[in-house]
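One chain, chain A, appears in both complexes that follow, with chain B as partner in the first and chain C in the second.
And then the complex of A and B:
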């Protein structure tokens, strides 16, 4: 094993330098205030959870987990997601809290990477969970809140892709009889591998009509909302047409419809979802910035069965997708330079300016190694030097 | 190995529920704004660092580290301190940044606990580092900023205990000739074990006068600043008397003197300190809330030799020590209850109220299981129900 260089960091990890930190802090603060206005309460959970409890329930692939054995000899993981720890809290410390519960978080999540591919192993997520409300109005509120957060930070355009994992499962199971084939088709949808999907469909031992239906199903991805709903109407599959149709009307009431794409083939990364699922896109980049959906079975694992829905926004991706104008200006700094004799005046001046809301660096002239380089950092330099040197 | 219960968390880890989260968030936001006013820039570093680089340089005992082998087969640790990662950043990504540098952070730190003794394994620290300034004015600024943070959150009283590790080492080495004895005496000072210190001194093979001096040294802990300075004057030890005396005058200029205790026997937990060191106390509790000091040798390890000083405040301990009045009131929430027919009006009303700065929960009446329990959570409930049930 070679010793790493002193400047090296473990795979996929990043430092956040002042400018990026400021942007991230201000976005998070906007989100915090807005989510509070909607009545969501923030909570925090530890970085480590037991692998057997939250680790397993989080449904993150084992090879993506940072997993090790703690001092008590029990396997632990670095928190790979926040929905599951929140489910644990709702089933324990908040067991007596009245449902519906509205909870929110800003948190670092950890997912191990195999190689340096630009994918961070540690990233921040802002999210909300609405627990104990089974109505589509709860799904609509969660999507509406997510869109609102996108809007207040200036993301433009905003696209929300909505699907329904209950429908996907039921629809495929109606047409495909082998459970393993159902699973593989679902995987191919998750990978958005249409070619692979069609190839597998062609090979299946099912009636020709079923194959046609499956291929038409894949084709709906390019259809608008009305045409997609028509497809559902023509391919009845329990009450899903009614449910999805009503939901579209509800989103219209929320003023969201023009931002929505309905994609029946949407299968998300996490497999605890049970109903409507969605992904958020926008701005400059082509991959999803946020995702979420309904998960009605997760809370049961933590001894408090309850329907729930929520979203999570990837802060790093959101920041990448925002236009430059969305970012706050770097607040300018003033330097106050003094020598031992003038420290009293310099202190008073600096304190006064700080009270006025100005960022003031108070600097002993003795420690300035390069006057020009020092001065270039500041809007102005106020000098309390009597012996010459730095001037105002 | 027994499987943990679903509600369990690994040893020493805590959840932060809404009320505690709000207090912590608001304190951190006050600190963020104040430190920015002083010209400090915030940065962030990853939760994981290599054990051989930052892990080793952080000078935290091995049994306190969360240590494991990552997927590349290299030992990593959960960040046990922030000063060392910041030193790494200053020696790498910020290599070209002009000194002096003023950096700040709010960060979770990780130190493994052996048993559930109320000591958390994960805790938040707020801190600042002033890098590239060797003058006592830099030490004074760091202490002054720390006191200011205590003041703005309402900590009262505030006591700062100041020592000097350079003096301690030099003074003991002048009187004790065996390096191992010097080390043990230093350990006993760190443990604040005066009895053990005196017992060891009695056994040492050194002149009687040296023993008297060492015992008088321990006695200085109970002396006021003037008497402590007199002790230093009568026991000359290179230029330390001058240095400490000047520093006290400087702290007077900063208006800090009445909050200061001078304790020559102070030996801090971390062993990278080289000069003035200090601990912050205050409010209701008897243990230290903050600590810091000068560390002129750490940056060298990261290929950018520079003098530096800094502090770190333990947020959990600070919160414990504040009076109830220091905490923000829980902002009241209003509930807006609707049914399917009235969703449009309810939405408009809720949005209007939120714009006015009121926290509004918008709730479909259908999902309220217990009307009374629901209502008790809110200051007022505005009902958009036409069919009876919840009233205003």
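And then the complex of A and C:
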């Protein structure tokens, strides 16, 4: 093994320096207050979970997991998502808690990713889960909470793309008879490979009308909400048209409609989703900022079957996508310099200022190596020195 | 506000085909477009900006969103596995990914060695054939490898086959057809949907005509 340089960190991991830390702390603080006001309770779960339980249920690719053996010889993973640990908690520690349950978190997640920039292995996610409510009103609440969080930090523009994995499955199964082809078409949607989708459709042994329908399905991505709904109406797949139509009306009531794109072709990467799914976009970066959706089968795996929906926002990406103006300058610090004889007055002065809400650094003059460099860090330096030097 | 659309164009082989296609679609590309050495080109009185990139990098610019859309070969898209929409088969710069080698060759070592610029595509292909091979990554002049005994086979794109012939190599198996694709950044697509759909609608009819008789 090559010996790392002293400054190096393992692949994909980052330090958070004061400025970045302050920004992320402020965002989390805003989010915490907002979600609290919506009645969501915050919880924390351990960084390590068993590979066999949470690791498996999280539906993250095996090669993306940090997996190792704990001291008892049991395979464990660094948590790759928060939804699954929360499902575990709801099925165990909180199994007596009354449903519906509203939970929230801010947590670091771990996924072994590409060694390339912009894909860290450890990143913070802020999210909420609404458990035990199967109604579309619950989905609408989750989406509107997510949009609210985007708004309070000044993200602009905001686009929310909504799809429905239940519809996608039913629609394709209706037209394509071979289960493996259905799976491949779904995979191509997830890969965003329209060309591949159309190529496979052309090769399939199905009636021409079905092929036309499948191609039109891809084309619906460029349609507005009304036209997309019309497409659904003309291709009846059980009750999905009604469900999606009602949901759009609901989002209108929430005042969200102008931020919404209805995209029936949306297939997210986590496959525990069962109903409405969504992704959040905005600001100035090329990656999606948030994702979420309904997962009605996950809690069953933790012995407490319950419908649920939730979202997660990638904090690192959100910070990158916000305009610089969104982050006010740090309140400046005041330095109070003292020597042994004046420590009493200096302390009193510093404490008084701190009470007033001012950031105060109390510094013994003896330890200042470079007076000028020291002074430059502060808005003002209050000197309690009687014998020359730092006489400001 | 009109959206500014940045389009990543591949320099080299595909570039002329791509320019031709865009002109046909009604884009008013200036004449010096093909000869300039500038890397960023804007068209006056339009909201289009073009960046000229190495073909293998086009998908990278698009994935990170610094270019909204791009024109990239299927070979590059497969090899780089970027999270972008592959929206249109432009049908241009058609060629094929193929396995080639010397016409008759005894394999000396117990493992088959394959030299290529496309390690992912090559690995994937041989895996599907149930073969485990050693991949040797090269950056160009792949045809050299079997000639001087670096590898048993090569995996590379072939258009006319002239380079292979001149070097005494033969095409053994076609892996897949390659054409250029229109790729789109997922966020750009959401935030600049109107402009991007407009471009796609302009390209679609032309592409469908060129696409006829491709195979």
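Assume the second predicted complex is superposed on the first by the 389 of 392 C-alpha atoms of A that agree within 3 Å, B and C clash if a C-alpha of one lies under 4 Å from a C-alpha of the other, contacts with A are read in each partner's own complex, and residues count from 1 in each chain.
The definition used in the following text is that a contact is a pair of C-beta atoms (placed from the backbone, for glycine too) under 8 Å apart; a residue touches a chain by one contact, two chains touch by 3 or more.
Keep in mind it's a predicted model, so treat the numbers as computed, not measured.
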{"item": "Which of chain B and chain C A:159 touches, first, second, both or neither", "value": "second"}
{"item": "Which of chain B and chain C A:196 touches, first, second, both or neither", "value": "second"}
{"item": "Broader residue contact with chain A after superposition on the shared chain, chain B or chain C", "value": "B"}
{"item": "Contacts of A:331 with chain B and chain C, given as first, second, both or neither", "value": "first"}
{"item": "Touching partner for A:53 - first (chain B), second (chain C), both, neither", "value": "first"}
{"item": "Partner chain(s) touched by A:363 [first = chain B, second = chain C, both, neither]", "value": "first"}
{"item": "Contacts of A:88 with chain B and chain C, given as first, second, both or neither", "value": "first"}
{"item": "Parts of chain C lying in touch with chain A, wherever the complex brings them together", "value": "62-66, 83-89, 181, 185-188, 190-191, 193, 197, 200"}
{"item": "Sites on chain B touched by chain A in the complex", "value": "1, 3-11, 13-18, 21-22, 24-25, 29, 32, 36-39, 41-50, 52-53, 57, 66, 68-74, 76, 78, 85, 88-89, 91-94, 98-100, 102-103, 108, 110, 112, 114, 121-122, 132-135, 137-138, 141, 250, 253-254, 301-303, 331, 333, 335, 343-344, 347, 354, 357-364, 366-370, 373-374, 376-377"}
{"item": "Residue ranges of chain A in contact with chain C within the complex", "value": "118, 157, 159, 161, 191-196, 198-199, 222, 261, 281-282, 285-288"}
